[in-house]
Amino acid sequence: MQKELSKRPSNDLSNLVIRFSGDSGDGMQLTGMQFSDTSAMMGNDIATFPNYPAEIRAPQGSKYGVSGFQVQISDKDIFSPGDELDLLVAMNPAALKANIGDLAPGKTLLVDSDAFSEKFLKKSGYRSNPLEDGSLDAYRLIAVPMTKNTQKALEDFDMDRKAKFRSKNMYTLGIVYWMYGRDLDHTIEFLEQKFEKKPLIKEANQLVLRAGNIYAQNLELIATHYQVRPASLEKGHYRIIRGSQAIAWGLVAAAQKAEMELFFGSYPITPASDILNELVKYPELSVKAFQAEDEIAAVSSAIGSSFAGDLGVTSTSGPGLALKGEAIGLAMMIELPLVIINAQRGGPSTGMPTKTEQSDLLQALYGRNGESPIIVVAAHSPSHCFDMAFEAARLSIEHMTPVLLLSDGFIGNGSEPWLIKKLEDLPTIRKNVAQDPENWTPYTRDKDTLVRQWAVPGMKGFEHRVGGLEKHEKTGNVNMVPLNHEAMTKIRAEKVKRVENNIPALRVHGVQSGPLLVVGWGGTFGALFTACKEIREEGQEIAHAHFDYINPFPKNSAEVFSAFKTILVCELNAGQLVKQFRSSFPKMNFIQYNKIQGLPFTNGELKNKFMSILSSGEDL
Amino acid sequence: MQKELSKRPSNDLSNLVIRFSGDSGDGMQLTGMQFSDTSAMMGNDIATFPNYPAEIRAPQGSKYGVSGFQVQISDKDIFSPGDELDLLVAMNPAALKANIGDLAPGKTLLVDSDAFSEKFLKKSGYRSNPLEDGSLDAYRLIAVPMTKNTQKALEDFDMDRKAKFRSKNMYTLGIVYWMYGRDLDHTIEFLEQKFEKKPLIKEANQLVLRAGNIYAQNLELIATHYQVRPASLEKGHYRIIRGSQAIAWGLVAAAQKAEMELFFGSYPITPASDILNELVKYPELSVKAFQAEDEIAAVSSAIGSSFAGDLGVTSTSGPGLALKGEAIGLAMMIELPLVIINAQRGGPSTGMPTKTEQSDLLQALYGRNGESPIIVVAAHSPSHCFDMAFEAARLSIEHMTPVLLLSDGFIGNGSEPWLIKKLEDLPTIRKNVAQDPENWTPYTRDKDTLVRQWAVPGMKGFEHRVGGLEKHEKTGNVNMVPLNHEAMTKIRAEKVKRVENNIPALRVHGVQSGPLLVVGWGGTFGALFTACKEIREEGQEIAHAHFDYINPFPKNSAEVFSAFKTILVCELNAGQLVKQFRSSFPKMNFIQYNKIQGLPFTNGELKNKFMSILSSGEDL
Amino acid sequence: MSETIQYTHKDMASDQEVRWCPGCDDYVILRAVQRALPKIGKKREDIVFISGIGCSSRFPYYVETFGMHSIHGRAAPIATGVKLANPDLSVWMISGDGDSLAIGGNHFIHVLRRNIDLNIILFNNEIYGLTKGQFSPTSKLDQITKTSPYGNTQPPFNAGALAMGANARFFARVSGNSLKEMQTLFVQAEKFRGSALIEVMQNCPIFNEGAFDVYNDRAQRPNTQLFLEHAKPMIFGAEKNKGIVLKGLKLEVVTIGENGVVEEDILIHDAHEPDPTLHTMLVKLVNPIITGIIRSVDELTFGDRFIGQMNARKSAANGKTFNDLVVSGETYYLK
Amino acid sequence: MSETIQYTHKDMASDQEVRWCPGCDDYVILRAVQRALPKIGKKREDIVFISGIGCSSRFPYYVETFGMHSIHGRAAPIATGVKLANPDLSVWMISGDGDSLAIGGNHFIHVLRRNIDLNIILFNNEIYGLTKGQFSPTSKLDQITKTSPYGNTQPPFNAGALAMGANARFFARVSGNSLKEMQTLFVQAEKFRGSALIEVMQNCPIFNEGAFDVYNDRAQRPNTQLFLEHAKPMIFGAEKNKGIVLKGLKLEVVTIGENGVVEEDILIHDAHEPDPTLHTMLVKLVNPIITGIIRSVDELTFGDRFIGQMNARKSAANGKTFNDLVVSGETYYLK
């Protein structure tokens, strides 16, 4: 289904941040997704941030069962789900309690007044009803008896109370759609397909959606009716893509581009599971998604598949990456393509599985025995996940070495518009396939890249053995000679170093030199970019550089750094990239800004920090 | 058996380096051990370095089957097995070929001329017989038909040829004993006990030992008869100790000192296995040495034992450490004592299992998901292994956190005299046992050290649950609140940082400020110390500081560094500690010297390097 | 036990709110454990629960004893360490089908092989609950799950058969909604010295609703499930007229009173028979499914052997300490 | 195979010097493999050997095919990846008792469960060879080894029984010094579609000399070993007069001609019987030990199911590519 939208002019709000929150059973993720998809289809740029609890279904109304979905929509390119909420939707007291702190006075609050029963109030720790005790006076409170209205709308439907209750989120969505001038079409159609085989449920949801919409239209209470006009995104054919889906698709694209089959060995773990959940859908695209018995088997099967000529990929999150270290070392040693995707989550140990964090960088770089360099790259937004998954595969195949792609729960679960790429739009991937068995040994290398020539089973005359023991520089036979080991160790390091010739230069957003360079990596891109842009718009000199490539660093990194007086490295960890910088660029001076709360940076805290540095003028 | 030795005066050689080399079946390790034990008992200081092949028993006479054992004996304190050989013993052509490069012209070479058969010469790649073709003219060559002589000595023994052949090493030892004026007593007695139940073999070996000794005595060929007089070691009661044995004993001592039982969960891996092989001997000392099904089970069982109140310890080498990362993260998170011993070997991957290297430092520091700081310490010599194993246990118990002790194949297999320590000579270990269930929560902490109070099953009123999920700062209950996570992350880091208050300051050997500070860690101590000392003896200013404590660094580290113009960090890896230094002391300037050959530093290469820096006078 | 303590099930509940989905069988298992514990004659402080990761593995939080919610798949070796550190503790291992048969498979077979004295409750819901619905090593062939949208292609383990292959000495199976039976089995498991494995057919209403309905459903159960009792005939059925007989090397279901079958023809259950052949056959039956204690064979536990060896060496060594060790063998004096 | 190649065993030897201890059975196994390979009708370039770590795992270096000497315990999943990447390859997994039953135990049971089409040679020497003599999960109780100076306290696995518990479809056992029998078995394993596990009773003269003498010794063997053949009676003995009969649920050894036993009483071996009960009983016999192919039951391989599902979806999808994927579902144009 493709729609054509022209940008319709409007002089309303230029961007809008909404957070839907409720019980994990309230369907807030779906509601939020619908709202953002609809907005994207209407031409807005969007950025989303789901934030869900560790429990599958926590008891109804409990604090730790609160599930949230935040979306920013805009008429300009945006890069983060925003942090100043315009609207907070709270389906019950627990959701209100958990989220009200993020709503500034004067902003709008939409609640289901039916959910503020004594029982639920108590469960969430309220002594009196905030809808009545005046404590919400600072907000534009819109209290709607959504539960009752939903039940009423469905009076004539032959369904039990529980089933009816479940469509309440559509009532909420109907209200919100009216508030922000969104079309119902997309969601109506979505329901059409989703419940194709359950016509009763389909009709009920569609009816409730319209009922909410009409209710809002008719009700005087709703005073503000904003409309966000389409964004100035590049023209073209779009779709909404989630980060983990984008990773999956990037891998599929790379395999097809390289004319290989994609072998994906994985073991479920939050938040990486979604990549596996996505890839299992595509056997028809020659995707072999193999759910292994554990992480070690997952990465090992991927290595085996690479040895036999597939594009071997594995995915995991922090604790799983810890288990894969030894096998990654093997892949590095035998110099085979292998892509490892690590969707980071809050650590250490089991940590905070559903929260986001950037604390696996050092593990990615060093979590193996011996001198074991591999390529490390990072994705910085949901749609960028596509590019970097493709890129990880490209580098791995072209350089015959493992590539570790860092993503995180924030961008993996987030979604945004993606300008559709077809195979012909993507760069070529050059495989180093051995040609001539006479002049070949397993470690025959390209003079420039130091990449060895690949020979896979089935290629006559290329029979050979590889393994984890040190091997002779030329023949590849097991070899324990001291100087050979030193030579091989250096070759392995140099091979990865030279990847810098095959990756783009580091880009600086904003001024190319000046008082302050903000540096980040991974999922903080949107927040850092936006904060810097806004500061520039306020007339200050500030620049932002984002490291998508971490090992090796882009060639021009030192040059970029040297053009700025202060370099501030912002990370959602205790300072991991900055550690790398300090050891790799020992003559330079780095300061750091860290947040370790399982949450993304907010625009406000970043701007505060940046401004305070800019205004101090000190050489830090 | 205790002997009293007085230092007997001698004006001969003050130190002596011998390398015994032969087939792995030739018993060179045993021969070398006997020589060094005897020398130690005669009052010398000794330092040994076994270097054996990856194969269990490689085919006889083959290059990769060469096994070596080097020992330095001295009348002064020594700290390394030396690198300028005085005598090379080569039992066959392959051994000669592999080792002759390390023998300087003019030095002595002792060979079994019977082994230089056409077959063995060919196997080892010699075109002509080096004993005859003049290629060894530069050396004092002593060629003895050891095989024939041994067979002859045993003519009357009712044993097969093979069994007789096996005692040839005693013939060699007999010769070498005579050359360096060593007593036969120790070895005679050793054979007495070893073959207590096989009188024939015992007698054969004893006879052959004497035969070799007599042969040497009678033979004009042996011109040089050195004698090394006893060393000026501290007075006291000594024994010879191997590094891995010293680790085992240090753990036993710590457990007894802390009045705990020692639980040792391990899975065999070279070169760590020897610690397990040693500890299984001592159930009578309440040592529970549990051989698990794999490394993960090994560390997990140790964690379980700690939870229940034992001193939980696990040991491994690089590839095994990679597998333990996740579980170490758990121990860090639940803040229990756990000692992890990593006996490093040549990496990456399976690498060079029987060779030495220092390339697991970054893995030790960062090989886990999330922000997961643990204490990392290193042993620097065979006898120091005892101290550091004890120290690792002490810190782990006192600070309720995992401690990772890095050792390596070089010091683990090496041996030296150890001034016997008894329990009363060792420091107290303070356990933080919870006392009062009323005012206790699992994360009640000491204000100064931030150490939590330990309560183990069986303690009434202290029932509680721990786990890998983030927990509330006070109650220890599962908690996902953003600021709590940040607080806990910082507490965990700070807790480890404060260990600096419980460890000795960094010591500088030699001048306390000046042009050059040589820095090292782990098994390079002896080589670095000796090279620096010798350079000082030559009148140059040079200092040496060795990091036994790596995380946290000793408090005075920055101060020490700042007193020197140049800091040279020497490591048997591609530069791992120096990376840490650069990121931890960003204002300071470090240069590095690395060797990645699976071998220790030699005195010569170190002195060359140091002298070239000292003489360049440049600010590097 | 010197002191006798009278606990009720309430004493066994911690102050933590239980966080499973409404309707999950895990609640029933929890209740059964909390009711069984007061009957085992152990003090709370002498009881330890060790779990891995999974929905089921949240269990220790809810029991007022010592406990650890560890990492995925590693409950077995951790529990092993606990037991070896302090053999007097009652140690319970809590685990799921993913936790114990996927990532933890190796530890699972080794803990059984060694016969560590643990009570192991395997919450088998034939799905990965916590990660939201991927197939597990016990999911059925062709089952549609989040990671098998076109049907599962991995033939499942039979948990009991795998356990038998690993030389399990005690194996029981029970419905996840049978509070009473579970309670009894848990008490018996604790009494058993060695690894006592109880597989619970646990319904996960969210991701694998009804997987065990044919066995667990109260109405169908009499005809689909045979709850074994030692020394009793293997009789089941709503009318107590069905039974199991051995025909050659196969088990067959017969009806008493039909084709001349009389009650005496029915097999008598012997849980203590050391030869596992019949137990293994029973474990694999699917119609009816066999529940209750299928196997319970006394043998030395690992603790008996390992700690036993230690104690024997200790008494032979007569109070030897570290100080004796360091002066044993060859030492020398320098003066 | 379009082209027929005539290899000799010499074509199967690589140029690498073999580095096992003199007298090690590993040499015999290597020779058997090198002699079997020319008979399987596969080109050298279509054969892959994957091993873990251990003495035995050096094996791939010595065979002139593709090969990988991987990491400890992980040969099974690596071989799985190889086979799924290219189902046309003949994939051999080489592993030791430590490699497959200690650290690799989980992969071992899962590879059997899935029935990946591999030939698995388990070099069981009941010891860790490469690390110089620690006990393994198949070492005997009370065995003295480097890590059990006072006797091993861990009851061993029976490798075959564990495999049966994991639903092995093919299991064979053979003496490590029987070049001929091994050769035949290896060819039969390759012919079998699915996981074909061959346990070799491999003598390690250095660390566990004589562990299998009672079975492998040429003189004793006729009376201690029964080499099964499908459809033949289970008869053995120097005088071919001993046999196995079933008494209830137990196997018994009888002598033909004594107590009225006649040849017809002896069990006939049926390797293809899907019910594993009798196979499991045979696997556990110790006197005599049972060798030959104990079980060989055809079933879909994992490749059949997994690659089969892929191919079915592919033909249904009619050449769908990535370009179709990206425009499927909801997309929109911005102008």
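Read from first to last, the chains carry the letters A, B, C and D; within each, the first residue is number 1.
One rule holds in what follows: a contact is a pair of C-beta atoms (placed from the backbone, for glycine too) under 8 Å apart; a residue touches a chain by one contact, two chains touch by 3 or more.
On a predicted model such as this, the values are computed, not experimentally measured, just so you know.
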If you tally contacting C-beta pairs, which pair wins, B-C or A-C? B-C
Approximate Å spacing (C-alpha centroids) for the pair subunit B, subunit C: 44
If you average the CA atoms of subunit A and of subunit C, how far apart do the two points sit, in angstrom? 40
Calculate how many whole Å lie between the centre of subunit C and the centre of subunit D, each centre taken as the average of the chain's C-alpha atoms. 30
Subunit A: which residues touch two or more other chains? 64, 283, 293-294, 296, 319, 326, 330, 334, 349-350, 467-469
Could you say which residues in subunit D touch two or more other chains, in rising order? 53, 69, 71, 103, 105-106, 110, 137, 150, 154, 306, 309, 313
Graph class of chain-chain contacts, one of line, ring, star, complete, other: complete
Please give the residue numbers of subunit C that touch subunit A in the complex, ascending. 17-22, 53, 55, 69, 71-73, 102-103, 105, 128-132, 134-135, 137, 146-150, 154, 206-207
Give the list of subunit B residues in touch with subunit C in this complex. 1-7, 37, 40-41, 43, 186, 230, 233-240, 249, 252-253, 256, 261, 263, 265, 282-288, 290, 292-294, 296-298, 300-310, 312, 326-327, 329-330, 334, 420-423, 456-469, 477-478
The subunit B residues in contact with subunit A across the complex are 53-54, 64, 296, 317-319, 321-323, 325-326, 329-330, 332-334, 346-355, 357, 359-360, 362-363, 365-372, 467-470, 480, 482-483, 485-486, 489-490, 492-493, 573-574, 578-580, 582-583, 586, 589-590, 595-599
Would you mind writing out the residues of subunit D in touch with subunit A in their complex? 14, 16, 43-50, 53, 60-61, 64-71, 74, 76-86, 88-89, 106-107, 110, 306-307, 309-310, 313-314, 316-317, 320-323, 325-327, 329-335
Residues of subunit A that touch subunit C when the two form their complex: 55-60, 62, 64, 267-270, 273, 276-277, 280-281, 283, 289, 291, 293-295, 319, 349-350
